Amino acid sequence: MTATPTQQANTFNPSPEAGSAVDIVRVRKDFGAAVGVADVSLTIAKGEFVTLLGPSGCGKSTLLGMIAGFVTPTAGRIVVDGADITGLEPYRRDIGMVFQSYALFPHMNVRDNIAFGLKMRKLPAAQVEQEVARAIAMMKLDGFENRRVRQLSGGQQQRVALARAIVIRPKVLLLDEPLSALDKNLRAQMQVELSELHRKTGLTTIFVTHDQGEALSLSDRIVVMNKGSVQQVATPIELYRQPANGFVASFIGEINALPPGRCEVKDGIASLVLPGAGPLVFPAMPAAGFAPGRQVRAFLRPEHVRPAAPGEAGPNIVTGKVDAHIYQGSHTITRVVVEGIGLVETRVTGSDIVAGAPVGAPLALAFDLGEAVLLDASE
Amino acid sequence: MRSFAFWSLVVALLTYMTLPTIVVLMTSVNPTEILAFPPQGVSFDWYAKAVSYPDFQLAFKNGLIVTACASTLALIVGSAFAWLIHHYEFRGRGLLEGVLWSPLIIPHFTLGFGFLLLGGAFRLQQGYVMIVLAHMVLVMPFVTRAVHVSLANIDPALARAAANLGASPWQVLTRITLPLVVPGMAGGWLIAAVLSLTEFTASLYVTGSRTQTLPVAMYNYIREYADPTVSAISALLIIATTLIMLVADRTIGLRRVLAIDTH
Amino acid sequence: QEKLVISTWGGNWKEGVAIVGKEFTKRTGVEVEYITGGTLDRLAKAKVARDNPESDLVNTTAHVGYLYHSDGLMEKLDWSKIPNAAKLYPMAKRSDYTVADYVYVYTPAFRTDLMPKDFKIDSWEALWGAEVAGKLGLPDFDPSHVIIAATKLAGVKPEEWDKVKPKLLELKKSIKAFYQSDATSQNLIRTGETPVQVLLNINGYHIQKLGIPIQIDVPKEGAVAGTDVWGINKNSKKKALAEQFLNIALEPEMLAKLCNFHKCSPMSGEAKLDPEIAKLPGIFTSQEAIEKGAIVLDDKTYATLLPQWKAWFTENMMH
Amino acid sequence: MLAKRPFFITFLAPAVLTAVILAAAIFEVLQYSVREFIPGSLNVGGFTLANFAALNKPIYWWVLADTFFISLLTAIFSLLASYPVAYALVRAKRDWVRSALVSLSITPLFTGEIVRTFSWMLTLGTDGFINSILRKLGLIDMPIQLMYTRFGVVVALVQFSMPVMIILLATAIAHVDRDCEKAAANLGASPTAVFWRITLPLTVPGILSGIVVVFAWTMSAFSTPQLIGGGKILMISNLAYLQGFSVLNLPFAATLSLIALVCALGSLALMKGVTSRIERRLAVH
Amino acid sequence: MTATPTQQANTFNPSPEAGSAVDIVRVRKDFGAAVGVADVSLTIAKGEFVTLLGPSGCGKSTLLGMIAGFVTPTAGRIVVDGADITGLEPYRRDIGMVFQSYALFPHMNVRDNIAFGLKMRKLPAAQVEQEVARAIAMMKLDGFENRRVRQLSGGQQQRVALARAIVIRPKVLLLDEPLSALDKNLRAQMQVELSELHRKTGLTTIFVTHDQGEALSLSDRIVVMNKGSVQQVATPIELYRQPANGFVASFIGEINALPPGRCEVKDGIASLVLPGAGPLVFPAMPAAGFAPGRQVRAFLRPEHVRPAAPGEAGPNIVTGKVDAHIYQGSHTITRVVVEGIGLVETRVTGSDIVAGAPVGAPLALAFDLGEAVLLDASE
């Protein structure tokens, strides 16, 4: 997994007086009988970096297409900088976009590609030249001005596409999976550059990806979508720690879904009673989702399950049989089958556990139930 | 608004393309010998005359024989050749390709003339041999192209997978490649057949009085008579080729065979 | 089952031959098959099929008949096997290989409704006139008629046609279109495309019958005569049948039938035409009448000059 | 990649045989073109270059020039007429519209030269469809001359070559990356600007190959100039036929046929040169 | 990062008497002037699961192609089960292969696809049917026998391809990036199935991937390739802990490459002297690569760099400025710029650090130099 720097993820505070850059109001798009995007509402603040994240076909590109004007919404409104642009033709929108395939004009050189938008705006030649030069400098493309786009590497093409989109000083910058065609190393590098570009220009940016690592590391806020609907809108940390539903929980990172159980409080101690296994006890009264008598499912990340120390005992320690060790270098995921609970993964840094519990051997696990997310069992 | 203007233009252009066809269909049912628009009635007399005219009957039979032989030969040779150039790089390939694609640009009358003289040189001017050869050479590029396109659309890994599973080259050819190019071959054959059936210029040279094909017979008829019998026979040909093409589009995808991908 | 194969033109010409063919079949029980085509393409194809001819009998234009036999494509005729040939005018025996059965003429004709009231063509000279400018139609397959007419006008022999080249070039301004066949000839005049035409008298009558107002004139210099001939293909395997056919074709009654059908002049005084037809301009009933009303060239002169004429004509007049 | 070449000879042999036959036919033309013409005879004489010398007359230059001119006009008008159709054919939203457009525009390809030429004769004639309609509508008194004109010939030839042009253009248009057009619109280009600055330049290779193919095709048109031109419009094919089957000068007909072949190949080579240079400049495909 | 179970990675012990399944002896493949594979030698034991790992274009597919017989080596020999098959035609090799695109025969249904290899071997119909049924059952494809391959999902297609390859009981099974076309979840699932299949069949397997996570979790041994040459052959743990060179170190997982420095021993204490920064001290005498006076580069994984406790002091503590926090859910990578050393990444589980050291603030890092890998500085 590639990771790159961004502003500290939870430091973004859209100032209320800045106003919103984009308002998506109950937007919907049907393709015949199929639903592309179902009733999405979303407000994006000026300067914010928002990521649309979701599996293939969930409607990310369709939503982006509606903002750019390539897709006409079946219903709803799109407001940019306070103006309703729902019916506006794409070429009047002043919205920059970078396509997954870059869509550079193959019959023009780098300079002409970048200058295209400015020429369309009929800017005087001198100003065009100046702005293009600025964009070329900013994207470190000096020396490539006269190259054909086919003569550029993937990363350079990417930068030309970015330069072309930002040189028109768009109100919003849309990025549709711009990194998915790049290989691991280039991708890491471009993530860095994207994030620097955002810092430098302060452009309101909507970024599309289906790579959760990319989304977590780059975004101010993430919009998780599935089957055309928004599942959750939150900062990366909220998303990871407080997924709103089972889909988000499993889509972001690894997670153990415990079987449904009942919330109980006895003697001031909150516990989760699993039918097939003993009750699990919450270390403190859990905040969200806990209500006595409620049927819930607990979701617990592998890093919140640890192999119990030898001889350790307590309410949240269960014993199972090691199913497999999945070595991942920096850590190992150990899969343990626990009766009444099922497959439980625990994440162990380093590979020390490997020697201690071979496949098939019993292993005791301690659940850090305080970190569990409780969601409705019916989900 | 803009799109209305555009589509009007498209409709106008299509009208231009189809106008002569419509005119032929109109005159073919016109009862009088003299042209008149709109037609003064509907009569199928000219059709009766056309199908009973012995020259047309003979020419139609000749055409079928020539077309069947030429397009089938072209299918075999063209498919083999397409397979060859899809798979192998070899010395002289450029020359061979150049020669075999050339009928696409060599004037048909030059070609027809050449085959006429060649027939004279080999005393083969009687019978169908030269006509079939000329037609085969003319339509083969279409077969080659259709088959080549289908071959190119086959994942090369399929042949490897089959070899990997123990299929000898012959088995790969018959069990994997052939079934997958059948649509391309069928399409190429159909196009070749229709082109051969309607080929005129080269046929004018290579056919004899007894072996003339339908277009040549029509040409001769147009030169001798001026009545709508030719309209009737033209109408029949137009209807037949249109039907064949519609069927081809339905069954094997005309667009694919002609390699027009419209997504 | 034996079949006699006859090479002739398509259309009406074939139907005319078929009149004889039916009679032949009736008398001999032998079927006749026709193969049709243009004059010269039939010659070209006969040449390439020299050893194994497609047909037994050839029906073609007299001067093209010369090309056939000079190229060894015809059998010498045995006149003793064709007794009816004796009843023909002497001019009908064109050579040892070919015999003519009728005469037609190429002559000017015009649409009375599309030309000025008092327009008429009493001399070939009229074609050069201002009234004809841009209205004349000529055959593209045979430029001989206007060339022969021009030599006649100039009073020189056809062989000296070099002398009339300037005169011919002047004709260019009159020419509207060339026709390739009888059908296009009829079409051109019927539609008024070329209100004036040098045409085959036979076509002219046909057009008149369709109700189109045309007048056919025989100029005082004479119309240009043409004859069609019969010959037997070299190496024909049915020589005897062919001779039999020829003999039937040259019977005065058959000639009369044929010429009534085509509206042309038979090569025999014994063949009696319908009086209606005999009256038509360009129809002759004796050898003298032919020689007086028409310009007749011998086949060899015609055949050797024609290629030069055509070449010159295509190169200078048709563009 | 394979060590051996299965079926190489088996599959090569028929192709080679065909190529040899074709080459022999062309060789016969070449062979006849250097033989002496014997007037009044169909036999040819010995070796001579006279036939080529005979070409040096204004008429032949005219006919060649005319052939070139008509072919070029046809190629250009065919391009202009085909582009909108090809564009509609590729870009129509509904599948049935695309199917219908394909059928309508491709089928004429398969009706053959004679049927199409005959149809145009009926359409363009003095008593033909167009004149009749115009007269009925009272727009004209005298029929307009459409047959036997260069205009009429080009009108018929353009229709004749449109299917091929449409196929080539449609393929080129289909290969234009739609994202490039979207990107241009996104950068502020109006639909018109998108077309002229993106779509059209990106289809230049298709346009060029269309022009080349139609040009070469039209060079060899025979029955259309013959029947619609009515002998007034001569193209090189008509001249060759006239020489071969009317003058019976087979050697000269062979010479003209050879010239036509050389012109077709030559113009193709010339235009290919231009095309590849432009393509390289555009660096497209 | 997707992780799936495998046999415990370091438990594979090829028994010597089993003999080797595949011997690749100094094999080379040139494409004209370009080198596809340069002088590779490799021995694979019976039943082993070996992965070829490397960046795009490094020669993995070419090597596989030579084993399968699609590519003729320019030099060298390939021996399978003791028999030299270098010149043998592909269809006589008895080697199973799964292609990246699956290469299922589109004109056959599932059953016919699977039966193809057996039919080519002219097995009696009854036996073909029986074997196919077994393979279908093993790959859980029951009910799909008569489906066309187009009517199958990606995972099902994958299983058909596997079934087709194993039903002929090949001597070796080759897998060329079989999972790269699948999406994250399906990929994880197929990894499980692959590993189960290997356990069940015991087939010698050569697996190609460019995904290091996949390689680490699935393989007995990994062959890392670059530019046609083998860089290292080792078990996953060895590879992660003891990369043989800089390429392997950076290709597998994240790693900090410290600037070149000199090894020194003073008073029995080993240290690494970096020109721009102070000396770093080894906790014990380092085993590999350390030699007094030698110029080396130390490679240190982010998990072996930790933020120092407040007030903590010692020889291996350096202070830098926080450049960025890259939030990854289960952990955060914090990038710190340290003078004289450059960019150093530290991996912190959870996101506790985020609050403590905002971007731009100073942060002290402790290097666990005992875990460093020392490689020649000239590399």
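Letters A, B, C, D and E mark the chains as written, and numbering starts fresh at 1 in each.
In the analysis below, a residue touches a chain if its C-beta (ideal position, glycine included) is under 8 Å from a C-beta of that chain, and two chains touch if they have at least 3 such contacts.
Please read all numbers here as calculations on a predicted model, not as lab measurements.
Participant: What chains do subunit A and subunit B have as common neighbours?
Facilitator: Both subunit A and subunit B are touched by D, E, going by the contact rule given at the top.
Participant: What is the graph distance from subunit A to subunit C, where chains are linked when they touch?
Facilitator: Graph distance in the chain contact network comes out at 2.
Participant: If you tally contacting C-beta pairs, which pair wins, A-D or B-C?
Facilitator: Answer to which pair has more contacts is A-D.
Participant: Roughly how far is subunit B from subunit E, going centre to centre by Cα mean, in whole Å?
Facilitator: 56
Participant: In angstrom, rounded to a whole number, how far apart do the mean CA points of subunit C and subunit D lie?
Facilitator: The computed centroid separation for subunit C versus subunit D comes out at 38 Å.
Participant: Would you kindly tell me how far, in whole Å, the mean C-alpha position of subunit E lies from that of subunit D?
Facilitator: Roughly 58 Å, centre to centre.
Participant: How many Å are there between the centre of subunit A and the centre of subunit E, using C-alpha atoms for each centre?
Facilitator: The computed centroid separation for subunit A versus subunit E comes out at 27 Å.
Participant: Which subunit D residues reach two or more other chains?
Facilitator: 2, 125, 127, 191, 227, 244, 250
Participant: Can you list the residues of subunit B that touch 2 or more other chains?
Facilitator: As it turns out, subunit B has residues touching two or more other chains at 34, 169, 222.
Participant: Using the touch definition from the top, which residues of subunit E touch two or more other chains?
Facilitator: 70, 89
Participant: List the residues on subunit E that touch subunit B in their complex, please.
Facilitator: For this pair, the touching residues of subunit E are 68-70, 89-97, 99-101, 103-107, 116-117, 120-121, 164-165, 168.
Participant: Going by the contact rule set out above, which residues of subunit D touch subunit B in the complex?
Facilitator: Its residues touching subunit B are 2, 5-8, 10-12, 14-16, 18-19, 21-29, 31-32, 81-82, 84-85, 88-90, 98-99, 101-108, 110-116, 118-120, 122-123, 125, 127-129, 132-133, 136, 156, 159, 162, 167, 170-171, 174, 191, 213, 216-217, 219-220, 222-223, 227, 236-237, 240-241, 244, 250, 253-254, 257-258, 260-261, 264-265, 268.
Participant: Per the contact definition, I'd like the list of subunit C residues that touch subunit D in the complex.
Facilitator: Those in contact with subunit D are residues 38, 40-41, 43-44, 47, 66-67, 70-71, 140-141, 176-180, 184, 187-188, 190-193, 303-304, 307-308, 310-311, 314-316, 318-319.
Participant: Can you list the subunit E residues touching subunit A in their complex?
Facilitator: 1, 3-11, 55-56, 183, 195, 212-213, 216-217, 236-237, 240, 252-254, 301-303, 323-331, 333, 335, 347, 349-351, 354, 358-359
Participant: Looking at the complex, which residues from subunit C come into contact with subunit B?
Facilitator: Result: residues 7, 9-13, 35-38, 42, 45, 48-49, 51-52, 54, 180-184, 186-187, 190, 210 of subunit C touch subunit B.
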